[in-house]
Amino acid sequence: MPVVEFTPSRDQYVWTFGGAEPVMEVAPGTALRLWTEDAFAGRVTSPTDRPSQVLNPKELNPQTGPFYVTGAEPGDTLALHFASIEPARSWAASTTIPLFGALTGTDRTATLQSPLPELTWIYDVDVERAVATFVAHESDFTLELPLAPMLGTVGVAPALREVRTTLVPDYFGGNMDTPELRAGTTVYLGVNVDGALFSVGDGHYRQGEGETCGTALEGAMNVTVIVDLIKGGAPAWPRFEHDDALITVGSARPLEDAWRCSQVEMVGWMTELYGLGRMDAYQLCSQLCLSPLANVVDVNYSAVTKLYKQPLPGVEPYGGVHARLRERAAAL
Amino acid sequence: MPVVEFTPSRDQYVWTFGGAEPVMEVAPGTALRLWTEDAFAGRVTSPTDRPSQVLNPKELNPQTGPFYVTGAEPGDTLALHFASIEPARSWAASTTIPLFGALTGTDRTATLQSPLPELTWIYDVDVERAVATFVAHESDFTLELPLAPMLGTVGVAPALREVRTTLVPDYFGGNMDTPELRAGTTVYLGVNVDGALFSVGDGHYRQGEGETCGTALEGAMNVTVIVDLIKGGAPAWPRFEHDDALITVGSARPLEDAWRCSQVEMVGWMTELYGLGRMDAYQLCSQLCLSPLANVVDVNYSAVTKLYKQPLPGVEPYGGVHARLRERAAAL
Amino acid sequence: MPVVEFTPSRDQYVWTFGGAEPVMEVAPGTALRLWTEDAFAGRVTSPTDRPSQVLNPKELNPQTGPFYVTGAEPGDTLALHFASIEPARSWAASTTIPLFGALTGTDRTATLQSPLPELTWIYDVDVERAVATFVAHESDFTLELPLAPMLGTVGVAPALREVRTTLVPDYFGGNMDTPELRAGTTVYLGVNVDGALFSVGDGHYRQGEGETCGTALEGAMNVTVIVDLIKGGAPAWPRFEHDDALITVGSARPLEDAWRCSQVEMVGWMTELYGLGRMDAYQLCSQLCLSPLANVVDVNYSAVTKLYKQPLPGVEPYGGVHARLRERAAAL
Amino acid sequence: MPVVEFTPSRDQYVWTFGGAEPVMEVAPGTALRLWTEDAFAGRVTSPTDRPSQVLNPKELNPQTGPFYVTGAEPGDTLALHFASIEPARSWAASTTIPLFGALTGTDRTATLQSPLPELTWIYDVDVERAVATFVAHESDFTLELPLAPMLGTVGVAPALREVRTTLVPDYFGGNMDTPELRAGTTVYLGVNVDGALFSVGDGHYRQGEGETCGTALEGAMNVTVIVDLIKGGAPAWPRFEHDDALITVGSARPLEDAWRCSQVEMVGWMTELYGLGRMDAYQLCSQLCLSPLANVVDVNYSAVTKLYKQPLPGVEPYGGVHARLRERAAAL
């Protein structure tokens, strides 16, 4: 099966889900080795950088893609297995952007208060030791944080003729910003347009749950993703699979609605997998699920419902596609 | 140091935070061995029980307490170390109560739709093997779930002369319904009235994060709690300490506000512990925290911010009270 | 029928719904001439007053009452007709209180930003001309605003043994802060405890819808209220009646839930009054209702659903009690 | 000045803001006489029609337009004066669409309950008498409602390369669904792309505030709109002007955020118009504004802040453009 490499040039960066021409067509089974620029489009490089001065609000969260998947039609399920997600730089950047983030008024939670200070933290990254070093601005304090590379963004073109900025998470995936999207994850996304038109981006070398200040350890990433296609069965909301867990991700505001979406999706998935009635699935999910937040800062907030496969019966979603892609990834 | 046992008689059950006479005065340092009835006040016992018929809406979530802590004054910090939380029965009950729960309209998210079916699940509990058995209503399906005993409710009397039902989580603790409140946890609560007047209840043999359907594996519990008092330093929101983690719990609606409360509390705690400036603590918390939901069903929703002590510097909150109580617990 | 006058002394001010001894028992049919202190407990008197310095957080929103209504039992409907609501002072005060109000972070919408400036505006009130004069702090600007006297607060004791501060609006009425509560209004409240235990307070000489900055033109008020009792029929949420309109008030967070409560209450009221099915009432309410906000600043937010009696068929709610109390008021 | 007539053919209906080719270029000063199809694309015609069977989810809320305004550039302010909005049919339709509306679970407020019944109400419309007749489904009841024609939707192309369905209200206008958009209104919208690309649609013969059930008296409309352009000064949120009032409209979720957006926009507008400081404008707006809800059902909820020009000082926004367009309209 083919392995295709692609690193976008700067003029190939894509800023939307939908509305962009595909960079290439890929057949199901293709492995892609990709490079993605960071969410700042590489514009934040120094602890003295002020986001309001260096960022271009029209050029945030550049995507690598979109890829047209041969044979993908509306109602199908795109399976993307992330074989590896690895830092492509020896540093990462994080910032506080004026009126963006969870602990400040924003464009929507509109207040009359002054914005928080604009600060930039540059982390030195030691990939070998798998740590990034935080250096405080306001006191003499440093700390090594373990790396936990992930992608903030993976998505397909939306339905209803829409084009959305890559800052948005929604039913089509997008800027979900959950640490659950790491190497080893298979992502299942409903296809809305011919070819699916998926793209990836927004590498985080690590991120807390909620992405409180609005940015993670943002950094360029090398990503290996294996593309597969399941005919039909499109989920309403993104589903993930780990070796040991099933995950659903809802995105909405207020936050309870994001979480409700992920919960109803999981209850539905449980009825499919185990032949449970909806009330029984509701009860079981209520007692078993983990609910780690993803982001509480983006255009929609994102919340996760996670079920460990243990102690559930051994059922392979989508005919065992995750295990097959896992093997495939190991063989790359 | 004294060990005091107390099992309330049925007429000693308490239904409010504040407004009830203390059952006894306890000096800081006292260990209490308590028994608590389940949140249904023991009224749900069979899979054919319908909550709307067997429950008394005025008698839900009975508390054991309140206890008057010698010397506790408004502005102080009550420390409660939960040495053990153990199922006191060989079965547990869970139900769907009409218009209560996260995936239904409620008294506040008021809709015109019909309520979901009322169902009761009775779980057999095998304490030795630490499992509870789910039996489906709608299909032929059973599953053993691991026990994970916790308390849904611990709280003190509120401020501002208020009396709240034990169904409410808020700044005074209460019905937070987080699995983080398990054996080994120290809970720090701000004192609002002389004597603090704390109580405990709402044993859960296990619970998913969010308590989606509104009830957990509800069961009577044997609880050993060691009481301590820290003069001054009352936190704005409940703080928990585990051997390996610091936790804050916010309660509000919508859910993002519950989480914001826990985040601001954690940022404040980090500035206290590490001498960090607020923006640096905001940044660090954003990259390090876990954000597991607690409940999305109660009068207020509750959300958790959790920081593992690793990789943070080794600092002992409140002068190391958790470690001391841990030792004390081990010696009981 | 009796007319009873009552002006509380300062030590008779009441700070809670529930939990306070009644100041007197009144029989249905009684007219009360009352005086109420302003929400600041009279402590803000000068444009140089800073709320954080002069206010006592434990003594806000003093109530006049509570009154024990002879014969009122849980499940009954208390009818309070406000015959007159008249400014008792020649000035009013409004302020911005730190971290309180709709356009700032608060204790729940917790942020890390600095609070807005604390300012106090003192309005000269000319009762004869029915205007209050705004004087700007930041520029040379004055403006006469028309008086529109109303009460922010009317409520009964809550259910479930609770005691709530008078800052809270909820199903029991309380601090709803809607301009719809003006002279000529009959308020219907469900009774939760024997005697109902209602109280009134929080006079506003005028207020915008939403009470954005958190305070209105706060001022002491002379209030004439006629008390009546309807056996049974307790509404779930407060209902108001004007000569020309029916009104329901919901209180919750987020704001959509407050409004949903008022809408479901109105749909129910329409089915009672007109024998409509619920779907038909839903449809008619959707096309006819007004939805003016009440407050977006209090412990719960409050939203109003309002139906003009025209073009609806001429039906008299509660057997025409509003018209009878109206006549009674005219005769006082 | 030119008067241009345009009635789209069915294949000219437009389903998005942004992403559609303009139907024509119009110079500032042009008056347009337009026809718009109803939000159902004309597919609901009988009381036995079930929305899930007759509606095409990809073809809802057809727009007439978009129009390219000569000279309009990003940052400019488009002024649209609605000279007349008149029913183009002798009937209107309203429905309950499954899992859409304010008093039901939805795709986002996801629950497990069954949807409400699907019903269609067809209203006979008597334009001469200005009434529409409601006929109940569930009982023998009819009622004449006064007509109050308005447009649910007016908007421009969004920023950031986005294309949004015409179901969405946001900063670019769109599906705001407020009764304040009636004949006599001037709408001010910030321009995001060259030519502005505005369109109109979604005629309502009347609508309650909040559009509770999700649909109004939907009907085709004849609309006369005069186009004008103000260089620069783009507002962050839509502003409206009536002869007697200034209005701002915010759209977001939860509902309090929609309202906050409209409030901050109004506070800003007051500082511009009256030279007030922000805290003084905050105070004045708090005491003077009306806050009628627009919709609590769409992708974003919409809330209105409204200030009557009386008792404010006589200032003409945007150099008196509303008065000039008003005169122009009278002369058509």
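Going in written order, the chains are labelled A, B, C and D, and every chain counts its residues from 1.
As a working rule, contacts are C-beta pairs under 8 Å (C-beta built on N, C-alpha and C of every residue); 3 or more make two chains touch, one makes a residue touch a chain.
None of these values were measured; they are calculated from a predicted model.
Colleague: Give me the step distance from chain B to chain D, shortest route via touching chains only.
Modeller: When the steps are counted carefully, the minimum from chain B to chain D is 1.
Colleague: Please tell me whether C-D or B-C has the greater number of C-beta pairs in contact.
Modeller: Answer by contact count: C-D.
Colleague: Report back the single chain whose CA centre is most distant from the CA centre of chain A.
Modeller: So the farthest one, by centre of C-alpha atoms, is C.
Colleague: Measuring centre to centre with CA averages, how many angstrom lie between chain C and chain D?
Modeller: That gives a centre separation of 32 Å.
Colleague: On a C-alpha centroid basis, what's the spacing between chain B and chain C, in Å?
Modeller: 35
Colleague: Mark out which residues of chain A touch at least two other chains, giving numbers and ranges.
Modeller: In chain A, the residues touching two or more other chains are 103, 109-112, 116, 253-254, 260, 263-264, 267, 278-279, 282.
Colleague: Help me check something: in the complex, which residues belonging to chain A touch chain B?
Modeller: Counting only chain A, the residues touching chain B are 94, 96, 102-103, 116-117, 119, 121, 134, 136-139, 141, 143-146, 206-217, 253-256, 259-260, 263-264, 267, 274-280, 282-293, 296, 301, 303, 305, 311-313.
Colleague: Can you check the complex and tell me which residues of chain D touch chain B?
Modeller: Its residues touching chain B are 103-105, 109-116, 254.
Colleague: Using the touch definition from the top, list the residues of chain B that touch chain C in their complex.
Modeller: 15-16, 18-19, 57-58, 107-112, 159-165, 236, 250, 252-254, 257, 260-261, 263-264, 267, 278-279, 282
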